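Two complexes follow with chain A in common, the first pairing it with chain B and the second with chain C.
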Partner chain A sequence: MLIPKDRSIIIGIVIFILLIFVPYIFSSYVVGVFTIALYFAVFVMSWDLLFGYSGEVNFGSTFQIGIGAYTAAILNINTHIPLALCIVLGAVAAILSGLILVAPALRLKGPYFGLITLVSVLLLEQFVTIFAQYTGGEIGLSVPGIISVSSKINYYMALLFCAFSAMVMLVIARSPIGLILQASAQDPIEAESLGFNITKYKVLAFGISALFSGLSGALLVFYLGTASVSLVVSIAVVLQIIISAIIGGRRTIIGPILGAFFIILLREWLQPLGQLSYVVVSIMGLIVLLFLPDGIISLFLRKN
Partner chain B sequence: MNLFWQILFDGFIISSIYAVGVVGFSLIFGTAGVLNLSHGAFLVLSAIISWFFISHFHLPLLAGMVVGVLASIAVSYLLFVLLINPIDKSKKIPTTEKEIFILTATLLWSMIIEELLDYFFSSNPVVVPPFVKGVLNLFKMNITYNEILLSFASILILIILWTFINKTKTGKVLLAASMSHDGLAISGIDIKKVYILLWGVYGVLTGLSGALLASFLGASAQSVPSLTGLAFSVVVLGGLGNITGSILAAFLIGYIQTMTAYLISPAYTSIPAYVILVLILMFKPKGLFGRF
Partner chain C sequence: MALLEVKNLDKYFGGIHATDNVSFEINKNEIVGLIGPNGAGKSTIMHLLIGLYKPTGGIIKFNGEEIQHLSIHKRIKKGIAVMFQHSRPLSRQTVLENIELSLLEDKFQFFYKKGIKEQAIQIAKKLGLELVYNKRPSELAFGIIRRMELAKALALNPKLLLLDEPFAGLSHLEVEEFSKLIRSLTKENFSIIIVDHNVKAVKDLVDKIIAIHAGKIISTGTPEEVISNKEVKRVFLGEQTKIENSNQKQTDLNAKILLEVNITSLSYNKAQALRNVDLIVKEGQFVSVVGLNGAGKTSLFKAIFSFVNYEGDIKWQGKSIKHLKTAEIVNLGISFVPETRELFKFMSTEENLNLALQKVEKNEAKKRIEEVYSIFPRLAERKKQLASTLSGGEQQMLTIARALVQKPKMIVLDEPTLGLAPIVLEDISKVLDYMHTQMNLTILLGEQNLHFALRHSEKVYLLEHGNLICDCTMEEFKERIGEKYLA
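== the complex of A and B ==
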């Protein structure tokens, strides 16, 4: 079951090198799409760290992403603190709120944990609508702050951020922490009887996942200039994150990057179909799920 | 005092409709171990199909509902044959991860139904026309006869379901399946036939309750996630796989929502219910009456 990890790192490096050349080959519109895909890839990797390694079904990624994004956006609109600080504070808020609402639920098993995370997203959605004077309600917020006007600088920022996140998460996943998490996913009782405090490690994994989700959410807001429910909170976003992770190949960290690009580029390509594009993407997702359950990355790894 | 009666009656009506709406979700988890995250899509699908046949082809109300139920049964079997069964049988997917695969697959299924409904019928909410007209004046309150009828119909469906599962020979197989699949096999019952029965019953239940729900609240493709969320919350609160628990939990959530709507504001309807759900799970991690 365990996929040889060295190969997946080589694949990661190859992807990184290929991505460096994107702005020299494609138009600035395509570069923009790739930028979004890079931020999205961080969402998916964060999800994979928590699910792939600790086996927790998390429907709540957009709770952290949304809190990070909206905190940063609201700070940017209402105060004069620098942009970088807004982003950091957004990430801090994502971790704290996650620890308060969701981390206690890590003691719960499978579907019960899943439900708490799902409810956290539904609650956040409600609060955004209720406090519309601060959050812009269903229309969303436009923020004055912006990372850069140059599409190239934006792209390389996103690329560096994505590569950095991937490195940190890979290191964690391959460290003893990752191994303990995997052990707890396979047999929680045995792992606990070996003397590991599983909940502690799960909270740690959750915190790291929240950190990167929050950071990426905040960065995405300042890249696009808006924060809205359909962009960073809604369940549909969670769904795309989960599909991307599975399509790319869960429990590999690199696979989710492939999955994220696959989904974002496919959606872009299918745009002329309008609403039906979601149907096509979902059907593709189901096909991969059924016939290639280890994801796209398994195609590259199997040849070994 | 008037407010008290209003909450009591309205709460009862909405709770009984919720109960019949979520009982299928509970049944399918209890017997087949499937958390069907496309449950909301099933409800909205049958509601919209019923509405479409009633308003565009001028079918009588009940005939329209029959078409809705048939659509629901068809989608239910499709889901089983195309996704649930292949995932269950797949050798490529490790057993420990089947759960997440089924969750993801049903979520995708939900997305497909939702977007197709949105595409073909637009996202405007549809309301299945009332079954009866007229208003009852009771304790200075206005209750429409339709609401009363919907509530009675829901209770009746629940009673029929209970009798079917507990008193008939065919139904008892479902009860047995919820306890032990191995036991069923030893008694010489083909599990395949149980699944065919189960997904059929599920289709009928979601089909009927979808139309009832849409006659009271209306339905649109956009209400799919919140309906699935509702079913998930109610069933987990009652304890996964415990049908009686689900029905009690439906009444708890229904009344909390009604009280919030009347005493605080209709805009906040679902918030206290969610918060209470989270709190209960913190202290009773298996729901109020859970066995898994």
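== the complex of A and C ==
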């Protein structure tokens, strides 16, 4: 009965084991690309937790990512608090700002949540530009702190973080909370009529999604050494996240990891094509959607 | 003390008084039928009880405590449970998991409690779901899904159980089985409210019936009392006195055939809505399709207008229209007056009419609007008013007017009397007469109000559970079925 779910966990473990060997096989440049893909995978999983289970489309997950990233970067530049604390505070800021600005819309029925998340990202983008003296504006920020100089250590940090995030989100997705979330996405009135305060669960899912988005955003900044709008705030990043989730397979948590790798690696591989690479990636995405509407992961899950 | 006390409950939707000063009581362990024709306002009352709508006025007391301001989940926790007519159960989960859902507490829990599965199995057993524990809803028949929904409601261990149209969409056999199931529940220690449009279906199950019409309670009492009540008879069956045919016109038997329906089957997923329905409408004829709610009238009309797929064929003047789009069918000269009216709520009366005339030259459009205003003077008075603020009767007139301005050859009306007061019914009746005799329109009418349909029709088709069981002229119908059916 639980085979598909168990199977997705098995797929997750297989991916994890395969990823352990990456630094022994590929050049440090490729390992760098994989590191970015791992952080990106957390963005996508966080998005999938919210959309796939509670049915709420977050068009502004880069609001949480960006707040996490910029808070950590600004703290790192302007204060002497340790790097780890910067990252944690970044994540806290991502959750709080999300709860204040966005979560109230979760109480409403209709498209309001999606619209507000969209607006929140546009706001953040303007905010970064207006307060350029703190945020570096369009050029971005260079941060002094780095996680490590070794590409291997950076990679394994990212891998552990990604695996940990996946574990937590899988536990939630498969817990009673996940079941109630799915019920409220399917039929909110019926879920309420079974005695569930569905807003409570949606806010929780949103909070967890914001936590991991913020953490991953902050970590990415200290891996790359910079924070910029095009990297962690822009709507273009949101689109990539959404496309990755769809290509990988929604409502599976593990699928988004596949989707994230698909998008990031494909784009890297097609880099010589220049701007054309975006076109090719989009077409590949369309093809996946046409033939595998449930994403790449459905290849590995038996249908019954 | 009564378990549930409803006092002077009122609900307005814009200008429509959907619940009008309703008061009633439900005692412990009592089984009550909340009965009324479609559109009478039963659903509104049910939704007010569970908290989907907040009342405009009045009090709902449950176990001595006022609950009318509480949200849905809080009322459920107090001991109310509901089984909806249309629900969307968890599609990726099994029957057992769906029942487990309803056993969960409203708390953040990261792991399932021990024993929850056994509990779910126990409930499933009680409802005869043994064979489908591990099936998903998409693999199950409609009747089984209904049982699963009932299991979910019972899992909440309610003091009061609301059943919304528990028999809708079920086959004859399933209806019998489901009634048995409900009867077996009556031994348990809770009260039940069955919301249904069909008196017959519930009269043997309940201790008491509350009959609703136009948002008001028209009768309360034992099933026998309510059924023999004059007002109830009139509302459910129409005016007894006017059974004679007011329609003097008889269409020539050799008139040419406009519409020919031969549907072998029409189903929605699991539920078969129509089987082997053959029907002919000749030019100038007034044909009625009668039957209780859920008999398949609306499905038949939806098929004619290509809103749904079906097996079989439908011909218009000899040519198949099966593969035409809705718009193309309307352009052939068939207009639809849907049951749900489908007006543009935030447009005025005149804008709604104009919208139907987009393809017509301006002066001609004006002329046609003036024409319908002469038939419906009320609409002329209300021409600047938003459709949502019109009364139910006015909305119905506007819906008919919107069909008329298109100058159709044939007009299809689905339950035009739905939820309307008797006095408005008279107006609609006159309009139908006028359309048929003066304007020479061909009319296909779907009605559950038999008397209303019989007054006008030359030919009657009776639908029951998706089957056409009578295809006869007025005289034959009255002789063969009429009296029996009305009684």
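Here is the rule we use: the second predicted complex is superposed on the first by the 297 of 304 C-alpha atoms of A that agree within 3 Å, B and C clash if a C-alpha of one lies under 4 Å from a C-alpha of the other, contacts with A are read in each partner's own complex, and residues count from 1 in each chain.
The definition used in the following text is that a contact is a pair of C-beta atoms (placed from the backbone, for glycine too) under 8 Å apart; a residue touches a chain by one contact, two chains touch by 3 or more.
Predicted, not measured: the structure shown is a model, and the values here were computed from it.
Asker: Putting chain B and chain C onto chain A via the overlay, clash or fit?
Answerer: clash
Asker: Using the superposition on chain A described above, determine whether A:Ala236 touches chain B (first), chain C (second), both, or neither.
Answerer: Touch status of A:Ala236: first partner only.
Asker: With both structures fitted on chain A, tell me whether chain B or chain C touches more of chain A's residues.
Answerer: The larger set of chain A residues in touch belongs to B.
Asker: Quick one: is A:Ile246 in contact with chain B, with chain C, with both, or with neither? Answer first, second, both or neither.
Answerer: first
Asker: Return first, second, both or neither, reflecting whether A:Leu204 touches chain B, chain C, both chains, or no partner chain.
Answerer: The second partner, chain C, only.
Asker: Considering only the touch criterion stated at the top, classify A:Val57 as touching first (chain B), second (chain C), both, or neither.
Answerer: first
Asker: Quick one: classify A:Gly195 as touching chain B (first), chain C (second), both or neither.
Answerer: second
Asker: Considering only touches as defined above, state whether A:Ile172 meets chain B (first), chain C (second), both or neither.
Answerer: A:Ile172 sits against chain C, while chain B stays out of touch.
Asker: Counting only touches as set out at the top, which of chain B and chain C does A:Gln186 meet: first, second, both, neither?
Answerer: So A:Gln186 meets both chain B and chain C here.
Asker: For the superposed three-chain arrangement, which chain B stretch in 181-189, 217-225 or 253-261 runs into chain C?
Answerer: The one stretch of chain B in steric conflict with chain C is 181-189.
Asker: Quick check on my understanding: which residues of chain A belong to both its chain B contact set and its chain C contact set?
Answerer: Comparing the two interfaces on chain A, one with chain B and one with chain C, the shared residues are 1, 186.
Asker: Please output the residues of chain C touching chain A within their complex, sorted ascending.
Answerer: My answer: residues 50, 52, 71-73, 76-77, 81-82, 84, 87-94, 97, 100-102, 104, 106, 108-112, 134, 152, 156.
Asker: In their shared complex, at which residues does chain A touch chain C?
Answerer: For this pair, the touching residues of chain A are 1, 171-172, 175-177, 179-180, 182-183, 186-187, 189-190, 192-198, 200-201, 204, 251.
Asker: Which bits of chain A are touching chain B when the two form their complex?
Answerer: Contacts found on chain A: 1, 51, 55, 57, 101, 104-105, 107-112, 114-116, 118-120, 122-123, 126, 129-130, 185-186, 235-236, 239, 242-243, 246, 274-276, 278-279, 282-283, 285-286, 289-290, 293-294.
Asker: Spell out the part of chain B that touches chain A in their complex, as residue ranges.
Answerer: Residues of chain B touching chain A: 35, 82-83, 86-87, 90, 92-94, 96-97, 99-101, 103-105, 107-109, 111-112, 115-116, 118-119, 225-226, 229, 232-233, 236, 240, 267-268, 270-271, 274-275, 277-278, 281-282, 285-287.
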